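After this come two complexes, each holding chain A, first together with chain B and then together with chain C.
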Partner chain A sequence: MNTYSSIRGMLVIASLFVLAIGLLVSQQLLTASDTQVPDEREEVVFWHFWGGADRAIVEDVARRFNESQNDYFVRPIAMPGNNLDLKFFLSVTGGDPPDLLNIDDPVIADWGHRGAILALDEVATPDEVERLEAWLFPAARRLVTYQDRLYGVPNGLDIRALYVNKTMLARYGLSPPKTIADLDHIAETIAPPGQPAAFQHHGYLPDSRRIWAWGPVFGGQFYDSSDDHVTLTTPEIEAALKWMVSYRDRYGPSEIARFRHGDQSLPGKTFPLFAERYAIVMDGQWRVRDIRAFQKSQADRREEVAQFDAIPLPMPPGGKPNAGWVNGNNFVIPQGANASRGAWEFIKFWCGFDGQEASAAHTCVAGGWIPVSQHVVDEPSFQEFLAEEPLFRTFIELAGSENQYPVPVIPGAPYFNNEIKNLAESAMSSSTEPDLPQMLKEAETRIQSHIDRARNEQ
Partner chain B sequence: MRHQADTSGSAETASRESRRRWRSWFTAAGFAGPWLLGLLALFIYPFVVSLYWSFCQYDLINPPRFAGLDNYEQLASEFATGTGIAHALWNTSYYALISVPLSIVLGVGLATLLSCDIRGQSIFRTLFYLPSVIPVVAASILWMWLLNPADGLVNSVLGSLGLWQPQWFASPAELVSPDSFTEAAWANNSAPIGSKDALILMSLWGMGNFMVIYLAAIGDIPKSLYEAARIDGAGPIRRFINITLPLLTPIIFFNLVMGLIQSVQAFTQIYIVSEGRGAPADSTLVISLHLFLSAFQHLNMGYASAVAWLLFVLLGIATWFLFTTSRRWVYEGVR
Partner chain C sequence: MTWLQKSTIYVLLIFFAAIYSLPLLVMLSGSLKSPTEIQANPNQLIPQSWQWENYVAAIGAMPFWQYLSNTLVLCLGSVAGTLLSCSMAAYAFAKLKWWGRDKLFAVLIGTMLLPWHVTMIPRFLLLREIGLYNTLGALIVPTFLGDAFSIFLLRQFFRTIPEEISEAARIDGLSEWGIYWRIILPMSVPALATVGLFQFVAAWNDFSGPLLFLSNKDKFPLAYGLEQFVSSYADQTHLLLAAATLFTLPIAVLFFFAQKTFLKGIATTGLKD
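Entry: the complex of A and B
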């Protein structure tokens, strides 16, 4: 009995010893030298949402910045998944926010209005802010400007264009569309309405979420900042919605819903254009990489290599050229950040402002991201990339356009964003004929009321 | 002397008794203390504070600012125009009022069948209970695949049988709605069944929890009652209606109240299938999601608190109503 007790005791002591050693080793590993802040340098904690291959690029940018620095040390922390906003707010409320945050929701004005983030003029010098404004693309400037102040800097733009499967169009004797009428013709040729069986292919189907893009194309604006009013009932916005709803009239709401959901069952995140489900799809610049990979796999399999193009959104008569919806990933500096100046230095390094264009061009090429300034685009390394990727050139031209608009940068923008998507979704999926003017009028009143309340808070 | 000894003895006994009482009190406090602290910090404090916040404008960043009845006036105006909370309440009611009774009917039916003495009874019981142990997130994603209108398993089966194929989570249509009976609603080989109906289907899949309680209750019914009824010539249906069902009413009542509360508070599965925003077209914007979006997306914690209190009051009224009416239909035995 005594022997058993002593053995048991020794085993407990040995287990505790192993546990202590394990804790020491893991602590050493977790605070390995590459993440340790060097002496006399200020740490900049950077929260971002990038994962997968993009995360490695982000860490590479941070490494290059840290190597170039004597004053600051950026520690990137990946926070993938939903609710980054919520985590951020809890950190601000708890008094321990990061020094730099990367977001992609239309929250700049909302957060700036409430004092959750700093305006850039609170961190940078007036001269820097003035030069930055002139340096950015108009679309990039619009994304972060609230009440004539910059509240962040986009680190990349997301631009939408139409991707065209030229091989599929050629099979039907069609060319890429230049006007809305061309687009409708393509849709009706590839998927003639009234077909008894379920459709296997569509020429094009508008996505209700993309009314944000089609509104400006039809010459409309969702918000008039001169008198702070929602402007949904303008003829242009109504015309854009009416055109989108015409596809519901043509194919029926059930067919549109069924076909769109069918895209989700494609293996992995296959672009539906590859499966020839559509001849034309609206999407962002990140698909260029997918197209190249797809064409390479076709070539490897010795199949006919499909040809694709990326074109600006076609206009109706009286519409705006090179128009659409822009969003982006924005750097913001939280209120209460300990190293706001270090965060600003990292922002400049990443975006290429103040003579760091070459480094930013390198970052954009690595990630397949759209620069926020023509100065970065003009860099030789980026020009070389464009020469290799002609499809990307369309997106760069659109990024420089004056007619790319984000969700209005105003308090209450997330609500505005949701309501507009719901409006188009309701109209396009209605089983009875939707009364568009009435729907727009009701939504306008509802959104205006929410925005007025949000503006009057604090 | 004897009297003195008695006095000092009783004083000693009293002191020992007092010490024992204190010790047991400290022991009880030691065990209950952590829980009581948790109750105070995590339930009572937020409960009281949320009532105060419901009269404030509060965005998490800045201190709450007293705004009187502003949030409640906003709720009233939304009820008047049928937007916001009114819309969310309609969606919640639709979901709760169909899913709870259906889960009770199916739960009782299943439990009755599974209480029959048949081969493989335990396997069937396990199979029907199994969905309840699958995490909500995994189950939600699974159902999104199953109900994919284009090539989900459910629509494939319906299609192969030549039946209508609903659009499920892709459509804001409602089965229980005046629009359902129009010809247009049934056109294009589809049915006016939409996202809320799909949510109800999902909720029924996890009714194993309730079924187990019914099974236990059925097992508790004295066999002698069935034997007596059988001798009197009562058939299986008569026995079910006159014996099983009345004796199950306390459990049905319990499940009714719990099911109502659970369905009104349902969030995770709805958040997942609705893209976190009540898609499509706000058709799955239930009160819990409306509350979440108001608080953490629109940063309107005061309004969200008012919604939470409205939900609390509505649930209270509904539960009170159920308790009041239960006297008429719940069998509580001979008193």
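Entry: the complex of A and C
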């Protein structure tokens, strides 16, 4: 028994020893081949949040860049998108920041204000910065400009339009809206107010988050950068909010909440337009891909294939055409980056600046992304893509509009963003008649105070 | 117990087991569907066509073997660290008599109330100062300093071992180290297995630790690899679910084989009456 026990003990120890050696050897043998930097090249460590199918596209851009020149070698590293800001600040504290970061949060002003990222004029030549400003779409320029300096470059724009289920509209004898009055008419035709039973469909319901889009459509601005003031109490912003609240008056806050709650039960990320819960929904360009997949699955099942369109947001009288809310994913170069010049070269390559438009067009087509400049849109390969994908053309036209605005690029922007959305949500869900001028005035004071504080923090 | 009572209990157990296993079944089912089918029929448990190649694609879409190797190093290293440090501390709290022992034990238990986020930054700064940032050591070395829950668990078990055994060993001339190493540890295999299993699972699933301390992709663990299938615009849900199934499998198998020891450990450490 003792002999057996000691042999068993020896076997266990030997197994653990072999396992430990095996793991140590595997640590050496399995080191990723793309972490090797070719001789005489400067490594550019690039953190990004692109996962899923997009990760392969990002890695392909890096590969093409690495093949295109001899000075720099970009090493892309996919990081978790949800905590990328935390990870970034800890890496700065740890003295090991990346050379380039791509992030989808509106961080430009806050990080620029704190000195956590470099302004482009600290990396690029004055001539490059001046030409870049002229080269970018106005919306792209607005996204990355803080205190008249560019702090990054968007790698693409996220634009919102109205997606229309044309098949559903046709069933009611309706066509896509051109004005706000048309949109209201569609809503009232598909879901007549005062209906005794619970609504199964709605033509359109405004979403409180979309006040950022409807404000500019009604000709309003939420912030005046010339004197650094929040401007919620303008007639245009009040008109936009009043129009959104008119849906509350039409259907009642509880019906809107009930119907919206039903959207949450849709499995996965299924677009509510597919289930014909709505005839019209505002969303971004990435839904074009979902629509194509949906139509393909309908065709595979031999069902009638629904027809969709994407249209600009309809205006009220006196409103602004092709207006809306834009955001995007930005390249930023961290303070303390070892290879900031290499990072800048990679940004130019990705976005297509300085004669690299053809390569950028290839990237945007692969990802279904909106370019940041008309020069990339004009590339033949991108034009071919638009010919095959007409729904995308609306988003491209909107991207080039002067009337696309982001959440103001100022310190405290995330608070501003949330407060405005909360304001619209409170007004739309209020059980009593909301006093809109008073609500806007109170929110303006509150947000202004927060922004002033954020601006004075070092 | 009558036949009817027994049947009722079984029916209830099967009902609750089915509810609890539903997320796992959805994961398994989704891992075998095509992307189009996941979009079109997310709630259908039986796939229309079984896409076994999802598993091959999931493994190929990331440096799976490298991440697995990193994960195993993290798991085994932290299990070794936890068992060694916590059993020594637990022995001191359970078997040695010294001034302030119980007060210090209360302080130790009190540290369990501290949220992880509170110690996150100091821990980061400390590990950076000693040069462990961006190494697997940043996640392994702290386990050699013990953790309150494992110490508590082992202390409870050690207290159930009769004091007469230690006394007899002392009379026979065994040192305290000898008693700990040659008497107490061999008698505590179920409790050690329980603590080891807990630590293994914690290290296997750990996402926050690697997020804080690792920046090179050749050091990432599997938990981090799963994130790479997630995207704001183009999720690869079918591959994510296949990778998640592969990720979950070893833990399920480990629990399956170790459950008797594990339950025995739980039952004898005061966690279960």
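General observations
One rule holds for everything that comes next: the second predicted complex is superposed on the first by the 436 of 458 C-alpha atoms of A that agree within 3 Å, B and C clash if a C-alpha of one lies under 4 Å from a C-alpha of the other, contacts with A are read in each partner's own complex, and residues count from 1 in each chain.
By our rule, a contact is a pair of C-beta atoms (placed from the backbone, for glycine too) under 8 Å apart; a residue touches a chain by one contact, two chains touch by 3 or more.
None of these values were measured; they are calculated from a predicted model.
Placing chain B and chain C on a common chain A by superposition gives a fit, with no clash between them.
When the two complexes are overlaid on their common chain A, residue A:294 makes contact with chain C while staying clear of chain B. Taking the C-alpha centre of chain A as the vertex, the lines to the centres of chain B and chain C open to an angle of 40 degrees, rounded to the nearest 10. Using the contact criterion defined above for the overlaid structures, shared-chain residue A:104 touches chain C, although it does not reach chain B.
Of the two partner chains placed around the shared chain by superposition, neither chain B nor chain C is touched by A:317. Of the two partner chains, neither chain B nor chain C is touched by A:173. Residue contacts after overlaying the shared chain place A:19 against chain C, while chain B stays out of touching range.
Contact with neither chain B nor chain C is seen for A:380 once the two complexes are overlaid on the shared chain.
Judged by the touch definition given at the top, the superposed model places A:93 against both chain B and chain C.
When both complexes are overlaid on chain A, the residue A:83 reaches chain B and chain C alike.
By the touch criterion defined above, A:126 reaches neither chain B nor chain C. This overlay, made by fitting chain A, leaves chain B and chain C with a least C-alpha separation of 5 Å.
Residues 83, 86, 90, 93 of chain A are contacted both by chain B in one complex and by chain C in the other.
By the touch criterion given at the top, residues 57, 59-62, 65, 74, 81, 83, 145, 148-152, 165, 167, 169-173, 179, 182, 184-185, 187-190, 192, 276-282, 293, 296-300 of chain B touch chain A in their complex. On chain A, the positions that touch chain C within their shared complex are 19-20, 23, 26-27, 30-32, 35, 49-55, 77-78, 80-81, 83, 86-87, 90-91, 93-96, 98, 104, 267-270, 286, 289-290, 293-294, 296-297, 300, 367-368.
Considering their complex, residues 35-36, 38-40, 42-43, 63, 65-66, 69-70, 72-73, 76, 124-125, 128, 133-134, 207, 211-212, 215-218, 224, 227-237 of chain C touch chain A.
Per the touch definition, chain A reaches chain B in the complex via residues 82-83, 85-86, 89-90, 92-93, 110, 114-116, 198, 252-255, 257-262, 264-265, 335, 412, 414-415, 418, 421-422, 425-426, 429, 431-432, 446, 450, 453-454, 457-458.
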